[in-house]
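Okay, so chain A shows up in both of these, paired with chain B first and chain C after.
For the complex of A and B:
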């Protein structure tokens, strides 16, 4: 009896410890960024583009990178969804009699999922060179889209597979076509689509390697798809590498901005998921 | 029977993977009657039911031989129109699966995909079918609220109303009361009995008392074969086959 109680206590402490480490490091990371960055945080940071002497510690902000990041991540997420939703529906709703084929497609996306983002950056760069494009917003969007399509497809695939088969049968037995049935399933998985959007947007807005060659960097806010665009992760990277203390501090402030953006998106999607799961079984 | 039966199965064989699920099934389902398919778990009764509206098609590695004639038309013929066949049959599954939309839209879904667009026409259909399943008085003030807020018994009646709204001739029930409480079960059973005036009904059930209460005919399936088919009382009380007798007594389950 005593041994069982000891065992219970031992593992309980172990689990508590692990949970504390995870929770603790979350606060440690956010805390560090906050403490180091908040001192350099001001309205200029989020309302102004870099001024003449920004990179030696003078006036300006990172609005160019904030807007650029939203353009790149937003554009890639929209483009990615347009491609991923049909793929996920096709492998689930139209290939269900051909398990070998659908599993091969799934495996391909698993492999793509694991490819490091620098490879997507390099591949995107090759495509750009082929089409004679310079580093630009469009190039960045294409590279990041390639990066997040596997995430979107795999997430949507998982979500669709949680839908009970009987719901498909229910729609089909009313005489619906496969596409009409798929629309019912899409309604059913709306909260899941938001999760997929959140995951891929979060990945897209934080990735450096894929935009390094493709989106380039610019102190101006891009006004067309052919202009280079700054992104927050790159802005952080450049500023943290500076020997000037002021610029380094702004690097942390930029990291703080990125963290807050991701936080807001997480909360927004949480809210939307609750709203849209109204009709879910 | 003089005229063609609604459903006529001729030498149906179904393989899933390398398992022979249904073995040489031939049967005519009586019109405007309730027919129950009974048999032990895994004997193929659900497979048989699903072969009637080609929901089997969606199973992986399935191989179907033989003929299923619905109104004289072979539904497994290469040029058969699946959506048209399925429209003729309402399916009521084990647990209710309302579509992820409002009560009204659930019933209106079928008519809408089959081309009815006029609001007044849809309104009338929805009211008519909800009345037919006894739900109207319970839901008429909250037609636009989510179907998932209904109790499970109400959801099952909604699913029946949804199926009836496309104007089927046949109702297929796959253990349709197995998730319901006794009161809801009784309501659904009574509905089946009253609906047989207009529809031919085929039920899969593992509850012998239910089969006895609602059905006119019974098909006893065992290991993928039809062992016995006949009027309810005869099959249950005075079976011709020893296997049926043992099952009815509860010796095989």
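For the complex of A and C:
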């Protein structure tokens, strides 16, 4: 009897310990980046592009990378939406009654979601070589779009599935076509679309491996799609590899900037998901 | 007119859907096509079993990189799986609602942190920890840049994935089963051990397989802490050089050395095939579980 109680207690403590480690790792990471980064943080970092001699520790900031990242992630999210909204609608509205088919398609997107970004990067590079493109903003956007399509499709799909069946039936029974019905549904899921945008944007802005081959790097803010673009994660990676202490420090500060951006995005989407599910019928 | 519009749009959407699904095939085919030159030169078996990596001499042995990937992944899973299983059990079976409300958002936030930040954290925290506090107890000298560092960083990266899938699986276990066991006088832990874990086993396996495939492909965080030395690691304190890191580190020079680009694309193809298989396996298991629940 005593032994059983002891065993229960032992595993309870073990579980608490494990939960503390898993939950605490978030604070450990953000804390480490914050403490190291805040020391090197200043206004120049987010308002200036790298000046001459930036990479040996002189003046400048990483504005080029911040803007570049927003361009790449923003462009990819827009392009991704244009592709995934029709796909999500098609799976739900037009593949009705073909459960096996729609489930297979869903699974294909789940599998695509599991493909690592370095493979998308390599594949994006192949596409660029095929079309004779050089490393550019456009190349980066293409590779990142491929990366986030599965996220967008699966999120939108989940959201559309929360729309009550009665609503579809009501629209159909009034004589609307499936496309007109889809428009009704799209209006219903507007907050859900916003959540999907935030989720994919957050993933897009933080990814390195996909833009490594495709977007290139540049100290200037890109002014056209054909110019190479710096991205924040890549800037962090390069700066950290530098032997100069000052440059490494700026890498930590850049990491802090990226962390703050991503945390804001994640919290916003968490908040939206909660609100959205509250209004669900 | 309206019907025509509906028809046209439906065809268009079908094209979009087919195109994005066939991406799976296209990626595989594209990578394979680019790897043909090197597969012709050296056979598949030769490529994955030899360990000399000298691109300038046309020698491409992937064995050290495959071993590097396996070491890092194995360490990550050994660390992450028990911790995440216990955490998921606590969240689902024990935690009061208040604790859950606080805990789950943090797991979500952790999953949103970009890989490169994990890398920075690894360099700042894990590397010194290994170099100064862990390694000295076991080996004479270690820089800290090792497969162990890669494994730890990866483990933390896959925490959210494993915790969320396992908790989802645990939630599908019918309350009646637990009640039956508890009413027979079993303690909560005995119920977990003999009923819940047994029931959840396929789901736990699926989560593990998915986590393995995720760990396999992780690039930048591992690259930053792993040491990147093209030798087969013999202990956890040895540096390693996983496949994704190989691709990422050498993209610059791959067009200037013959067959080099083909070799790197072969590395990407290897990753793609392994991860594809693992993903399909785990998704099939999870889908079957879901269907069983619906029935």
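We adopt the following convention: the second predicted complex is superposed on the first by the 241 of 281 C-alpha atoms of A that agree within 3 Å, B and C clash if a C-alpha of one lies under 4 Å from a C-alpha of the other, contacts with A are read in each partner's own complex, and residues count from 1 in each chain.
Basically, a contact is a pair of C-beta atoms (placed from the backbone, for glycine too) under 8 Å apart; a residue touches a chain by one contact, two chains touch by 3 or more.
This is a predicted model, so every value here is computed, not measured.
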{"item": "Partner chain(s) touched by A:63 [first = chain B, second = chain C, both, neither]", "value": "neither"}
{"item": "Which of chain B and chain C A:177 touches, first, second, both or neither", "value": "both"}
{"item": "Which superposed partner A:111 touches (first chain B, second chain C, both, neither)", "value": "second"}
{"item": "Partner chain in contact with A:230 - chain B first, chain C second, else both or neither", "value": "neither"}
{"item": "Which superposed partner A:86 touches (first chain B, second chain C, both, neither)", "value": "second"}
{"item": "Superposition-derived comparison: chain B or chain C, residues of chain A touched", "value": "C"}
{"item": "Which of chain B and chain C A:167 touches, first, second, both or neither", "value": "first"}
{"item": "Chain B versus chain C as contact partner of A:36, first or second or both or neither", "value": "second"}
{"item": "Overlap of chain C and chain B interfaces on chain A (superposed complexes)", "value": "177, 180"}
{"item": "Of all residues in chain B, those that touch chain A in their complex", "value": "53, 55, 57-62, 83-84, 86-87, 89-91, 93-95, 97-102, 109-110, 113-114, 146-148, 159, 162-163, 166, 172"}
{"item": "Residue ranges of chain C in contact with chain A within the complex", "value": "2-3, 5-6, 9-10, 12-14, 16-17, 20-21, 23-24, 27, 30-31, 34, 82-84, 86-87, 89-91, 94-95, 103, 105-110, 112-121, 123-125, 156, 159, 163, 187-190, 192, 210, 213-214, 216-220, 224, 244, 247-248, 251, 264-265, 268, 271-272, 275-276, 278-280, 283-284, 287"}
{"item": "Chain A residues within the chain B interface of the complex", "value": "96-99, 164-177, 180, 184, 187-188, 278-281"}
{"item": "Touch list for chain A against partner chain C, complex", "value": "4-5, 7-8, 11-12, 14-19, 21-23, 25-26, 28-30, 32-33, 36, 83-84, 86-87, 89-91, 94, 103, 105, 107-112, 114-123, 125-127, 146, 149, 153, 177-180, 202, 205-209, 212-213, 233, 236-237, 240, 251-252, 255, 258-259, 262-263, 265-267, 270"}
